[in-house]
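Look for subunit A in each of the two complexes below; its partner is subunit B in the first and subunit C in the second.
Entry: the complex of A and B
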């Protein structure tokens, strides 16, 4: 790499500083503030009370809702990832086979990502509804499976999936676009050579295409995972965590702890956990996917 | 990678940054004395704000807008800025955040919650009893309307703007079809539901999404068997749900659940869907207050059910300690006056507004929190309207307080969640009692010390 002249290195630094400062103020500072607050008991209007690790002890040992929310969050992430990454990969692969109308399909798939969350929540409220009968229950009735009709958002065994699906569905198009762009970059001659050697479609995909797009796949997985881990709006709007705690996520629980219970200290403790959980998730993804790449 | 982390960290901490930054200024009390309701000085018109949680086109806001315009005519430069957030959970978040930042406006809405009591004890709110007495309007108010606003110690820091009665509206034709009668006691409810179900009718339409309508049912049984004091003791941990009173109440709720009293999937049914289920003649009973008179007792009501709608009040129990004319009669969320920004202008405007308000408000067809005016019955009203309005003069002394305004917020959230599970049959009464007694023991005494 050619050395930059002294002056331009300085100007690069000058241009880099503002975003760095912004990052520090907007991201690092609040994280440290949360960390700080997590050692206090504070309702927002009374004096702050230092409680040491009490909030952490309560979170890990005394709070059943926290663990239910954590388990639900993992379920939510899995469903979102399957829909988003799996769906995106399938659609993107099919798109490369399409000769005409690619733009239309792409636009249709990306559409949900630009609709407001509130609108999506209302839409799905209707889709899942039992009384008045929503889309799913109408379809079930129509195809003669009326006995499977259900209040999807009220049934504790279906509600978590029901609140995860809209989030997964919503961003499938976005990840599809990224993966599609990566698939386009796979050199055609490589695939042709493989085909000449007698490789099946699956072998071409698994041995040529997928390894080629692996770096993009890792990035996409990280974005999708962290997005799902901090998912909040759709579950909050659809069920507010209910019935009971069946669709309570760490984020909705944190929100309630802060703004309903006005327990900002404990809410900060949960938020610290969410930050750590996201970092651990990113680390795990790197470890798993990198190792596969090395193997 | 950095952007990802940026976003997730933002999400994780966005809740706390503003609060922490503003926390430094939070907690300080107002500069004025909360009992100094008649401060000296000149009245200098300016814009004042009222942070409120009421329907944007509802009677209170319409009346107050009109009154503010009238006041502004004589006081150029005055304006009343009404900032409403009708969705209650969103409102509470807004109001508590502003309180933490010490940025509450001149007037703000609040229920008599533990949080509000903390604000009052810090001197943030003007003493409403002193204020109303000083303005000479205190005796105009219905005692029940004022009592609803009081804290446990009897102190009054909020001014009521409405008076509502909560009824069980029912469809006579559906009752006849199922061969059932108006329940005489609360214990008649499960059998009533079973018969209605058997006739293919949804017994009770419930807005489960908003939680509070279901929580009303938690309040009913103990209010009859033990009176209004029960919840006051329960919330502090002095009474338990495992006591006889609590156990009976929980069992009754559980029976409502097993009798299928509420529509399937009630927990995800919203306010308007629940109401539509009743007004379309699908559900037989609907428990709601007089704020819905316009939809239930005027020609806005579907002609096919218009003549079939009637109401009954909260049934008693066999050994009831409260009278039949005592039930839920709330005066709505109250208005608090910020002590820090209280000055001769705020006083003068309130003096004008609170004297003028009952007349303007009653003209909209609503029940005034005062007794000095007659409610105007709308031209398109059904006979039921007048009957419901007259019922207000027959309300007894004790009022059944909704539990969501009583319990500490953590216990309240958990109660709402567990109630849904109990009514859906996911948990049994013993589990419900065990969980709730534990949660209240952890949070209640701390909140009300």
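Entry: the complex of A and C
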């Protein structure tokens, strides 16, 4: 549906080529290069060695770190999603009940999204630390639960949650804003009618409100999932994947393989896997949430 | 969630309710207010703590309880922060990268949307699908290839090396935001301009571009936050201190053997986040709107 009757092929190219060129160089070409490099053994200096599917075979069958990182990534995503989407839905619903102060709450709630990940990493390193006693451990002591004090980032059983929470905290405000805007758009008459029919708040929420915001919910879930799958900065800065591999994500593993072990070929193989994983995740979300909508 | 078992009520409805029920609703609303306040406090407390710590003395910080106000306010930490690092240079670098990338994102986004939405062409659906990939795919996939490419053309350790991927990955959202705005520009305006003999270039310069100012602001604001805070591209492609942006500069505060001057570090963190926080608070309404719409359109 072109809007301009008089347009030349040249004018289309003049407007389209610059953005397409930048996008091609920065995004499309690297994707293909990764795919290409994933079939080679290469340290960036010596000649590239074609190894076929060897990298893939090694990744799926011979590399325990890869599987640990994959499992950790799933855990990281789940914690982020629960905090971000669950938290956002609860706070947004509560906010619709408030009569005053909605704007203030919105502003304060989104503030963490403005802060850089490096600043957040510093902040949480100090919040979690045991020696010197950080915020969480001080609070535990303060409320008489001193025996629960822990070095949250050095304990293998808590570290994954500890590196996921800051990421969840950071963006929950953003998703809250989106969901809140969607909740405001639910027609009051619908809810009123349901209440007249004797529906409880809970029923009204799940039968009327939630189905109404479902399209926004799907979008938000997709954004939150793809963002969590590319999560890197905070785990990398807080623990660099450690202790051991207990907070290693696929992204941090890929980064270290590329820039610490300078194994560009194998790092690209992991990259390709991360891309496929993102595409599969988006596809799955569509399938699952769409089907429920039809049922 | 059970505590939220109440709903917005309209005043007229409230008046018709019997007294005890009204009291109950009143109580429920008070309770909701308290819960929201608590959640907000937990959410914002780490930030407040950051700022409070940055004006504490070291001894006060080492021994203090986290809820106490500082016994005395000191700005020594800020002096030490500026003395230790290179904050001025870092801020300048961040500004150059942010402004550079934003200009690219806004103008190329506008051009792309103009070609796709206003001019239109045969393969526009395919091109749109291509741009969608950039929204889904994680940025890490570009690191190794770009590092190799930059090394080949001598672009490592330049401003461009950070601006190119930042702009490239932000471009799809920018194009979608402009496109969805251009959808609402009525075709008659273009037809009239065409009848007056204006070609696609003049129409872009004299009609589309001036109308796009609001969307330009939206696109600029959404991206400025992410670009100002970018860590991964800068960390990968910047090799020398001269080009370090704020996020990288902050890392310098981890001293030898991981020993950290915490109060000075927190002062540096405060300096690094304050410009953006101020912009955010001043442009609060527009910014919140931009963030929400930028995120959903993407």
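Here is the rule we use: the second predicted complex is superposed on the first by the 270 of 295 C-alpha atoms of A that agree within 3 Å, B and C clash if a C-alpha of one lies under 4 Å from a C-alpha of the other, contacts with A are read in each partner's own complex, and residues count from 1 in each chain.
The rule we apply is simple: a contact is a pair of C-beta atoms (placed from the backbone, for glycine too) under 8 Å apart; a residue touches a chain by one contact, two chains touch by 3 or more.
Predicted, not measured: the structure shown is a model, and the values here were computed from it.
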Is A:243 in contact with subunit B, with subunit C, with both, or with neither (first, second, both, neither)?
first
Quick check on the superposed pair: does A:143 touch subunit B, subunit C, both, or neither? Answer first, second, both or neither.
neither
For A:8, using the defined touch cut-off, is the partner it touches subunit B, subunit C, both, or neither? Pick first, second, both or neither.
second
Going by the contact rule set out at the top, does A:95 touch subunit B (first), subunit C (second), both, or neither?
second
Touch test for A:259: subunit B only (first), subunit C only (second), both, or neither?
both
After the superposition on A, what does A:177 contact: first (subunit B), second (subunit C), both or neither?
second
Please indicate which partner A:185 is in contact with in the superposed arrangement: first for subunit B, second for subunit C, both, or neither.
neither
Is A:43 touching anything from subunit B or subunit C once the two structures are fitted on A? First, second, both or neither.
first
Looking only at contacts as defined up top, I'd like to know whether subunit B or subunit C touches more of subunit A.
C
Should A:196 be classified as contacting the first partner (subunit B), the second (subunit C), both, or neither?
neither
Overlapping contact positions on subunit A, where the subunit C interface meets the subunit B interface
23, 26-31, 33-34, 37, 44, 132, 219, 223, 226, 229-230, 232, 251, 254-255, 258-259, 264, 267-268, 271-272, 274-275, 278-279, 282
Contacting residues of subunit A [partner subunit C, same complex]
1-9, 11-12, 14-16, 18-20, 22-23, 25-31, 33-34, 37, 44, 90-91, 93-99, 101, 105-119, 122-124, 126-127, 132, 135, 138-139, 142, 169, 172-175, 177-178, 181, 191, 195, 200-202, 204, 216, 219-220, 223, 226, 229-230, 232-233, 237, 251, 254-255, 258-259, 264, 267-268, 271-272, 274-275, 278-279, 282
What residues on subunit C touch subunit A, complex-wise?
1, 4-8, 29, 32-33, 35-36, 39-40, 43-44, 46-47, 49-50, 53, 62, 65-67, 104, 108-109, 111-112, 114-121, 127, 130-131, 133-149, 151, 164-165, 167-169, 171-172, 175, 185, 187, 190-191, 194, 199-201, 203-204, 225, 228-229, 231-232, 236, 246-248, 250-251, 253, 262, 265-266, 269, 272-273, 276-277, 280-281, 284, 288, 291-292, 295-296, 298
Within their complex, state which residues of subunit A touch subunit B.
23, 26-31, 33-34, 36-37, 42-48, 65, 125, 128-132, 150-156, 219, 222-223, 226-227, 229-230, 232, 238-245, 251, 254-264, 267-268, 271-272, 274-275, 278-279, 282
Residue set of subunit B touching subunit A in the complex reads 1-2, 4-17, 19-20, 23, 26-27, 89, 92-93, 96-97, 99-100, 115, 118-119, 122, 202, 208-209, 211, 263-270, 273, 276-277, 408-410, 413-414, 417-418, 420-421, 424, 426-427, 443
